[in-house]
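For reference, the structures are reproduced in the following blocks.
In what comes next, chain A is part of two complexes: it sits with chain B in the first one and with chain C in the second one.
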Partner chain A sequence: MPYTAEISRSNPTSIIFLVDQSTSMSDPIGGEVPQQKADVVADAINRLLTELSIKCAKEEGVRDYFHVAVIGYGASVGSAFAGALAGRDIVPLSEVADNPARVDERSKKVSDGAGGLVETAVSFPLWMDPLAHGGTPMNRALQYAESLVAGWTERYPASFPPIVINLTDGESTDGDPTAAAEAITSHATADGAALLFNLHVSASGGTPTAFPDTADGLPDSYARTLFAMSSPLPSHMRSYAASQGQRVSETTRGFVYNADITTVVQFLDIGTRATELR
Partner chain B sequence: MNVGPVTGPQRQFPSGAKYAEALQHTQLCFQHPELVGARPELTKLGLPRAISGAFASVFSLTSAVSGRRYAIKCFTRNVPDQERRYQAISARLARLNPGELSQPWNLGFEYLTDAISVGPHRYPVLKMEWAEAVTLSSWLDHNHARPSAVDRLAERFEALTRDLDALDIAHGDLQHGNLLVASDDTLRLVDYDGMFVPELAGMSGTERGHRNYQSPMRGNDDFGAELDRFSAWVIFLSLKAIASDPGLWSRLHEPSGEFLLLTEDDFKSPGSSMRLQTLLAHPDRTVSGLADQLRSLAAQPLDVLPPLALALPKQRATATTSATANAPVPPAAGGLPSWMMTGHVSPEAAPPPPQPSDAAPDGFRTRTLLDVAAAGLCPLMVIATVIICVAGFPVSPIEAGMPGFVAVALIVFARSRRAERAELRATLSKLTGELGRLDDPVKAAEKLHKERARFDAGEAKRTAALTKAQAKLTAHYQADLKEAEKRKARKERDLDRQIDGLAEELRKSLAQALTNKQSTYVRDQLGRQLISQSPPPGIGPKLASRLAAAGIRTAADFKGYRPVQNTHYNSTGAVLVLSSGRVVDVNGIGEAKAIALDVWRKRVVASVEARQPTSLGMSERQSIEEDIARRRAQLVAWRKGVEPETEALRVKARKQKEVGLERLNRENSLAGDRARQQRQEFAQRATTLQQNSVLHEALSAAVETARLRLRRLSLGCYVRFLYIAR
Partner chain C sequence: MYVTHLVAPKHGSTEAECEDAVTVLPGHPHDYMLREPLTAGVCDGATESALAKDWARLLSRSAAEQAMASPDLLAGGTGFEEFASEAVSQWEPWLGQYTQARHEEGRPLKWYEHTKVAEGAYSTLLAVRIDPDADSHSKSTEPSWRWRAAALGDSCLFHLRDDQLAQSFPVESVEEFGTTPDLFGSRNHDVALLARRSRFTEGRCGTGDRLLLMTDALAAWLMSAQDQEDAVKQLLEFAGPEDLGGFNNWLNGLRDRGQLRNDDVALVRIDFEGR
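Presenting the complex of A and B:
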């Protein structure tokens, strides 16, 4: 059965984030306090990298269960890491955990235990900054990811296959991305084909849709294209999504449309939660 | 079909990162007096440091009040009946009498409900004593080369399992990460999430334990006192094996592997397991015996597995004999425990025990009668030779050397009867055989590489062909569209011209109709002008009747005359030209009369023409106009039809393209599936190859070792063994 490989240090898996950094990512996205899409996405990735680092932390430090790449695409296509990791593509998680670009202090209201709230500063490690400039060369980004996936599957033929997560507002400016997407999922390890999930952070109308099994009801052609490109969720991710209150079916795909901030974070959590870590 | 959670949405717990964030302010997140304001251990980024598992993240906190260090376990996933379980376990462990335990393996803990605030909610934590100890795997990393220490740890581990067994407690997840070794080399047991205590009997399990330590037969719901049995055998075998042969740690354990010497796959398919084979073929009988037991245990249901302690009297015997060399040991069971002699394992499975087991298999062991005889006889032979030579008996040198030769022959013979040699030879030939059955990993890798390259080239070609075929379809479609447009333009132009020409046609038709009407009128009127009624001068009734006889009665009946030369009389005559163009010669009508007739006719014509109609009648006009309008309508309809006709062509072309593209996509998706499968197969082969190459290496090393050992059983060694027993 595919997608059952144990994720261990000798058989790690890789997660490749593709982050849309085009000008349109400066548009606002819904929520109580509207934020720029680019801010929401960068925040979600930074949060997720913290989460992964803690999830994989053991006595001796962070274990390399995951190898992570964050690729931005906008005015150019390439590593979106800032600071010490700038310019690197796939980086073992232990290195990621040790090398954020900086640790920000953010103020946050915390319960004081007596029914009130107090303003406190919490540390927030950052690996990438929000950016919104240029076109949406999604094809080039997917091709870049494909080259990473190809090299990685050859190096780790027995591992859980790589997961590519594309966060975009949908409108590729360098042609139909379908073929490039197919090229990614044609690479496989002994445990199955590489997975491609898409997160469409469109704030323009349409009902928010998470993990659909058909393209019916998706409002525009970009959304339908991204849906068609997305891999079906492997069974363990399906059951995890179900336990998180998502409605899923056997043919549910790793696709979210018109996500709000919470859904973005939840989607990343579901998409990166592979089988049990050892 | 919708797959939803069976029991409704579970309670959601914060993630590890959420806890780490909350723990940045322990004066706010805790109210417990020991924990409020406690100092968390930090990472080098200055964030609370976590140690995470599948269900929880553990943080180290030092109390601001007491200065004591605690491990605080924060749950990230729901565990059913969590509080009840922990209370029961805590109560049971608290009742333990430390004096009755083999070592202080249990750690105190407290389950605190609603102890930590994360966001708007409060969650439970487990507050545990901090154990200053290292995990079993990291202890082995540092200590595997100290056989006596490892052996002692194996004994302690066995004692620990005996404690648990006597108390009817099972840990549920015995493994290298949950067994800690303290600085005095005693064991600590941590992580009680899956623990079974008798008070929890009847509940189901919450976890299945580490996959590299579990019996393939362990099910999701197994929960009872026998949960640890299989893991205990796995750990004990590993420790004993490392104690006997420290090299196994580097050969079978991977530096970052989540196992000791054996993994899940080894239990699931022992036949193809390189690791298990290595242990089964190990020269140390304790190791191979335990490995053999484990192999048979893996195929049995959990509840019939024997506790480690049951097998131990004999194991202990063999273990202790390794310390006291050459002490005879009852060899009957061949290292097998008593319970295994009752049919769990066939006799063939247990290798015959030619010698008592010994942890140091190099060199010769106990002397046999033959050895003693050889040892006794040889010096006698040598002395005999010396006496023969010194006493100067009259013998040839060959005869003198005879006793010496006999002595050598005896030693050679006695050595050849030694079981150690036979045993090593057998091991060697078995290993060589296994090695021979393996493909050369380098060649196999080369082959795989070549096949992969060929496949990739094929894929590149296929992709290129697909692009080409798609482009061809698109080009064809565009050509069809172009052709349809051209056809449309041509038709429209033609119809427009016809429509534009209708006005001119109307004019012409009207003119033609008027002309027809006039000529009809003239012909009609001329027909009414009878020659007999108003004859021209010179035409009397006689001539008129003659003319009538020739068919000329009215002005309409003729249209002129033609003068003729009468050759007979050399005179000029005339013939009349009928309306039909025929000429008639009428007797009595000469040239003068013909001219008169013609003049008459012309006058009549002129007078009729003066009276002829000059315009068409209303109805005549209407009919012509209607006719033209009908034709216009038809042409306009045709012109309107051109666009739908073209659209139909476009649709047809598009359909053709779509059908073609669909076919290509279908083919491509099939080919893509095949390619994926192929790539998966390559990956599988690469994995097998890696394993084979490790196996190849291990076997080669084993062959090398066996050869070395065989060489050590040399004649010299044998002689030394005969006299000094070493």
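Presenting the complex of A and C:
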């Protein structure tokens, strides 16, 4: 059965985020309080890296169950890490956790274990800053991701295959991204083909659509192209999506259109959901 | 009554990283014939939590010690609630000492550890107390023992009679292992809830019977074995601490063949003989 490989330190997997940093990402996103798309996406990635670090944290440090890349594409294509990791592509999670660009302290109410809440200081590490400048060279970004995926599958041929998550407002300015997307998913480990999921943070109209199994009802060609590029969700992610209240079927794809802030966060959570960590 | 236990880390982990913990009291060697009460705590720390192995060790020790001090602890009710309260009350002082020690070693807790530690540590618990039956002392009756067990989560007890499975507790079918087990949280002060989620049972053992206590991966293997008689026979090959190397090799063989989930393993074996 594909997509069931154990994720362990000797058999890790990689998660590659592609983050659209084009000028149009400064447009607002839907939600109760309008925010720039670039801010929402950066916030969601920082939050996810925080959660992954905490999930894999043990007393001897963060375990390298995952190796992570955050690639921005706008005025240029390359690492979107700030601080000590600037310029790096795939970084073991332990290094990610130990090298945020900065750590903000915020207060948060948490359970006191006895039914009450106590206010406690919580760390909010930040690895990337929002950026919105230049075109949308999605093709080049996908090609960059392909080179990372190719290297990974060669290095870890038995591992859970790499997961590429593309967060974009959908309008590639360097041509049809279909072929570059297919090149990514043509790489495979013994556990299955690399996965490519797309999150379309459109602010234009049209019904929000999460994890569809058909392109019917998608409003424009960008959305339909991104849907067609997206991999079907493996079964453990499908079950998790269903438990989060999403309607899913056997052929559900890892694609979201017209996402609001909450959906961005939930999509990343579902798309990076691991099988058991060992 | 003879008792031995074996603990093995998952493949790819070191012994120090093993999050299964066992405490057996009194702490006699495995070839010492016990004629007095015996208690055991078996805990499977949750990999997802930090300091899970430390909590598993503290909880298993606390269960064995308190069950030894209080014969009715594993009957449920307020006795069990008091035990739970006492076990949880030990965590914060332990954590304070640990945090201080890390600070003094020049390795203060990192940002992710602070968050993780605040969530608490989690573990399953299986606790057992065995008492020689008072009314079986005379020579005319077969010796017998009474056992009581409490379980929170999916660490299992098996009662073997004639080396056949006579009873399993608390999991009764292999399908039950797929779900997320109940866990004992190091910061859970709602002891009534812990007691409600725990399951309690008791039984009797006679000469020749055995009790096996084990964490989930090995228990699931035993329950799902096509030839259970052979599975029991294989397991009973390991009878003392000198068998740990062979036990590890045997586990790795099962893992390689995909028959055993790659997880930490803890096993307590209690053999009932004459008195």
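The rule is short, and it goes like this: the second predicted complex is superposed on the first by the 259 of 278 C-alpha atoms of A that agree within 3 Å, B and C clash if a C-alpha of one lies under 4 Å from a C-alpha of the other, contacts with A are read in each partner's own complex, and residues count from 1 in each chain.
Note that in this section a residue touches a chain if its C-beta (ideal position, glycine included) is under 8 Å from a C-beta of that chain, and two chains touch if they have at least 3 such contacts.
Please read all numbers here as calculations on a predicted model, not as lab measurements.
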{"item": "Touched chain A residues, chain B compared with chain C", "value": "B"}
{"item": "Touching partner for A:Ala82 - first (chain B), second (chain C), both, neither", "value": "neither"}
{"item": "First (chain B), second (chain C), both or neither touched by A:Pro125", "value": "both"}
{"item": "Chain B versus chain C as contact partner of A:Gly115, first or second or both or neither", "value": "second"}
{"item": "First, second, both or neither for A:Ile54, with chain B first and chain C second", "value": "both"}
{"item": "Which superposed partner A:Val103 touches (first chain B, second chain C, both, neither)", "value": "both"}
{"item": "Partner chain(s) touched by A:Ala228 [first = chain B, second = chain C, both, neither]", "value": "neither"}
{"item": "Chain B and chain C footprints on chain A, overlapping residues", "value": "6, 8-10, 50, 54-55, 57-60, 97-98, 100, 103, 110, 113, 120, 122-123, 125, 277-278"}
{"item": "List of chain B residues in touch with chain A within their complex", "value": "1-5, 9-10, 12, 15-17, 20-22, 24-25, 28-29, 31, 43-47, 49-52, 54, 57, 117, 119-120, 134-135, 138, 177, 210-212, 254, 256-258, 459, 463, 672, 675-677, 679-680, 682-684, 686-687, 690"}
{"item": "Touching residues on chain C, where the partner in the complex is chain A", "value": "10, 12, 17, 47-48, 50-51, 54, 110-116, 118, 120, 185, 187-190, 262-263"}
{"item": "Chain A - residues contacting chain B, complex", "value": "2, 6, 8-10, 47, 50-51, 54-60, 63-64, 97-98, 100, 103, 110-113, 118, 120, 122-123, 125, 153-154, 157-158, 182-183, 185-193, 238-239, 242-245, 247-250, 269, 276-278"}
{"item": "Chain C partner contacts - residues on chain A that touch it in the complex", "value": "6, 8-10, 50, 53-55, 57-62, 97-98, 100, 103, 110, 113-115, 120, 122-123, 125, 277-278"}
